[in-house]
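In this document, chain identifiers A, B and C correspond to the written order of the chains, with residue numbering beginning at 1 in each.
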Amino acid sequence: MTADIGTWLAAFLTLCIFSFLYKDNPFYKFAEHLFVGISAGYWLCYHFWNTVKPNLYDNLVEKGEWQYLLPLFLGICMLLRLFSKIGWFSRWAIAFMIGSGAGIMIITYLQSNFLEQIKSTLVSLDPAGSSWTQVANNSLLFIGVVTGLVYFFFSKAHTGITGGVARVGVVFLMICFGASFGYTVMARISLLIGRMYFLLHNWLGVV
Amino acid sequence: MAPEMRVSIVERLRNIDRRVIFVLVAAAVIIPLLHPLGLPLKSSPPSSSLYREIENLGPGSVVLMAFDYDPATDVELGPMSLALLKHCFSRGHKVVSLALWPMGASLARASFAQTAEEFGAKYGVDYVNLGFKAGGIVVIDSLGKSIHESFPKDVDGTPLEELPLMRNINSYADIDFVLGLSAGDPGLPFWIMIAQGRYGKKVGGGCTAVSAPMLYPYYPNQLLGLLGGMKGAAEYELLIEAKGSATKGMDAQSIAHALIVLFVIIGNLFYFMGRSREKRGGQI
Amino acid sequence: MRREIPLIITFVCGITMIIQFFIPHWPFSDVKSYFQHTYMIIAAFAMILGICNLTRLHIFKIRDRRENWGYSIVLLVGLAIMAIPGLFQGIHEGTMFEFLFKNAHVPMNSTMFSLLAFFVASASYRAFRARTFDAALLLIAGFAVMLGRAPIGDTLTSFMPEGWQMSDLANWIMAFPNTAGQRAIMMGSGLGIVATSLRVILGIERSYLGGE
């Protein structure tokens, strides 16, 4: 068993949180609130030292680049949200972020998540020298994407041929959700393995 | 056994205390950690593909590595970062790291500390940690014009001009490969959209198991390789022949998965037993 | 003033970003770069706003002696012991800030999320039922991926020829049916994001401005 005080602190806090599995209790609540406080403190320091100081303070005060007055002004506008009477000033800063974000999103999503996806789907079903499995898989991919899109097309009632095609789409979507379920289980188990390994290896030293 | 008694056992098993399930899950994880089974491991195509890409970069290539995750997912992405850094340093690549998640900056520091010394990599010469910057996709886009303007100083406040490695690196034009380690948003999808989509850079990386299925549509045209979850990390450890914590966790992962499959099967068995009794007019 | 100016700001910023994509030269490239740096700084202030709001909320909770107010003291102490050394001593290695990050934040954050493993297992036993064909398909795909993406899958199917084992099935599911389904979702949601962004820039979608 380790004698490192930091590891003991980490083990104590780990067990405090695991105690929630028995039932909600003061140890869990203590760790939960401490976690939120420490996270907030961490974010505050990193935003200050990694963004506010080098990107705003140094440019404005040390280098005297006056164009940084606008970000300072909008940043202060954002903080005015704390005061109900003048809180509406924060909308200017929010509008700046929303507008810039939307402008970037339009192009990037259209390019990467739409046009590029069409390009990746419309591949030759039978490229030269391909095996029958490759032909079948490429066909499957094409059918899956098209039928899946038909399922998400709500401007036409899902009856008749459209209904049949959409039904095939549902089959693909279900397999896709099943895969996501499998991967989600995998992720959660991995996190538990990490904590158990910490307790058994770093703290108790039995592994 | 009398039918009433059988009914009561089924009923009791259906409504078993959840803490019994918790104990079984804990045992399924702890026992294989204490007594490893050594189940054989195989790498998947996206992992092998990423390995080949890093392997084929010329010595001295610059790899931009994004640590877009926090300690909650460090058990999945931490081993990946170590394996990728070991591979990069062993091939003589230079690594520039940054984080779009605040905690990623500290985790990057920890990953460098665990790998650099082994390969004799020096800070400022072979690798640099630029730290964290808020803004997600906007930060990624801004690197296309000037890394020095977006990150005037590194994580510890050293001006980039004072770091020899950064003197010749100022935008995507000076980067050979982008590696994103991502636990969500902002993360790997944004690197694909901007670094690959807009600036034509080669992009690969790793993600948590939860987000892996969503990234498959990008592979292999937009995303050259992908490590999904702890299994992806273990596959990369296998490829670089350096077993680490991800490989150690694979037996526990296997047994826990088998247990959960068993839970679903048993749960459904009781469900169908109950349903057939209901159809026959009996009670559960 | 309260509505018109934000709408104008949104429009100008959005249009500038779009134009820059098609004309990546002066003056648009410089304006875009300036907007990007401004964005990063405002994003940092937004996070600081969140922290200030959290602090205020818990100070009020303590002042009013609301239920569980004692834990609010724990939260504020946590914030103070992290922020005070971090702001005055720095965030370098070997500082109090780094010690607390490694030994308090990391274990709590990862344990908090690892609890989900237990609840997923409990839900697997109680809730995941193959009531319909679609649900059965979902579960079968889930089984194949769970077993195929862990070494146990190949061990159980080691009697099968190479290329037909559980991991090969999982790889095939991920590469084809999963990719097809995810791609359909991605294309649908991609178009949705484009449409919403356009509505925001043109001032049709105004919900981000709040009430009044």
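Here, a contact is a pair of C-beta atoms (placed from the backbone, for glycine too) under 8 Å apart; a residue touches a chain by one contact, two chains touch by 3 or more.
All values derive from a computational prediction rather than experimental measurement.
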Of B-C and A-C, pair with higher C-beta contact tally: A-C
Chain at maximum distance from chain A, centres defined as averaged CA atoms: B
Chain A and chain B, separation of their C-alpha mean positions in angstrom: 13
Approximate Å spacing (C-alpha centroids) for the pair chain A, chain C: 3
Gap in Å, rounded to a whole number, between the CA centres of chain C and chain B: 15
For chain B, residues contacting two or more additional chains: 22, 25-26, 29, 72-75, 103, 133-134, 138, 141, 150, 155, 157, 198, 209, 212-214, 217, 228-229, 231, 253, 256-257, 260
Multi-chain contact sites of chain C, meaning residues that touch two or more partners: 21, 36-37, 39-40, 43-44, 46-47, 90-91, 101-102, 105-107, 109-110, 112-113, 117-118, 120, 124, 139, 142-143, 146, 149-150, 174-175, 178-179, 182-183, 186
Set of chain A residues in contact with two or more other chains: 21, 42-43, 46-47, 49, 51, 55, 100-101, 104-105, 109, 112-113, 117, 120, 176, 179-180, 183-186, 189, 191-192, 194-195
Chain A residues within the chain C interface of the complex: 6-7, 9-11, 13-14, 17-18, 20-21, 29-49, 51-52, 55-56, 67-68, 70-72, 74-76, 78-79, 81-82, 88, 90-107, 109-110, 112-114, 117-118, 120-121, 137, 140-141, 143-145, 147-149, 151-152, 169-186, 188-189, 191-192, 194-195, 198
For the chain A and chain B complex, residues of the former touching the latter: 21-22, 42-43, 46-47, 49-51, 53-55, 58-59, 100-101, 104-105, 108-109, 111-113, 116-117, 119-120, 176, 179-180, 183-187, 189-197, 200, 206-207
Complex contact set, residues of chain C against chain B: 21, 29, 33, 36-37, 39-40, 43-44, 46-47, 90-93, 98, 101-102, 105-107, 109-110, 112-113, 117-118, 120-122, 124-130, 139, 142-143, 146-147, 149-152, 154-155, 167, 171, 174-175, 178-179, 182-183, 186
Residue numbers on chain B that touch chain C, as the complex places them: 16, 18, 21-22, 24-26, 29, 39-42, 44-45, 70-75, 103, 106, 109-110, 113, 133-136, 138-139, 141-142, 145-146, 149-150, 155-157, 198, 209, 212-214, 216-217, 219, 228-229, 231, 250-251, 253-261, 263-264, 266-268, 271
Complex interface listing, chain C residues touching chain A: 2, 5-7, 9-18, 21, 34-56, 68, 71-72, 74-83, 86-87, 90-91, 97, 99-118, 120, 124, 134-135, 137-146, 149-150, 170, 172-191, 193-194, 196-198, 200-201, 208-210, 212
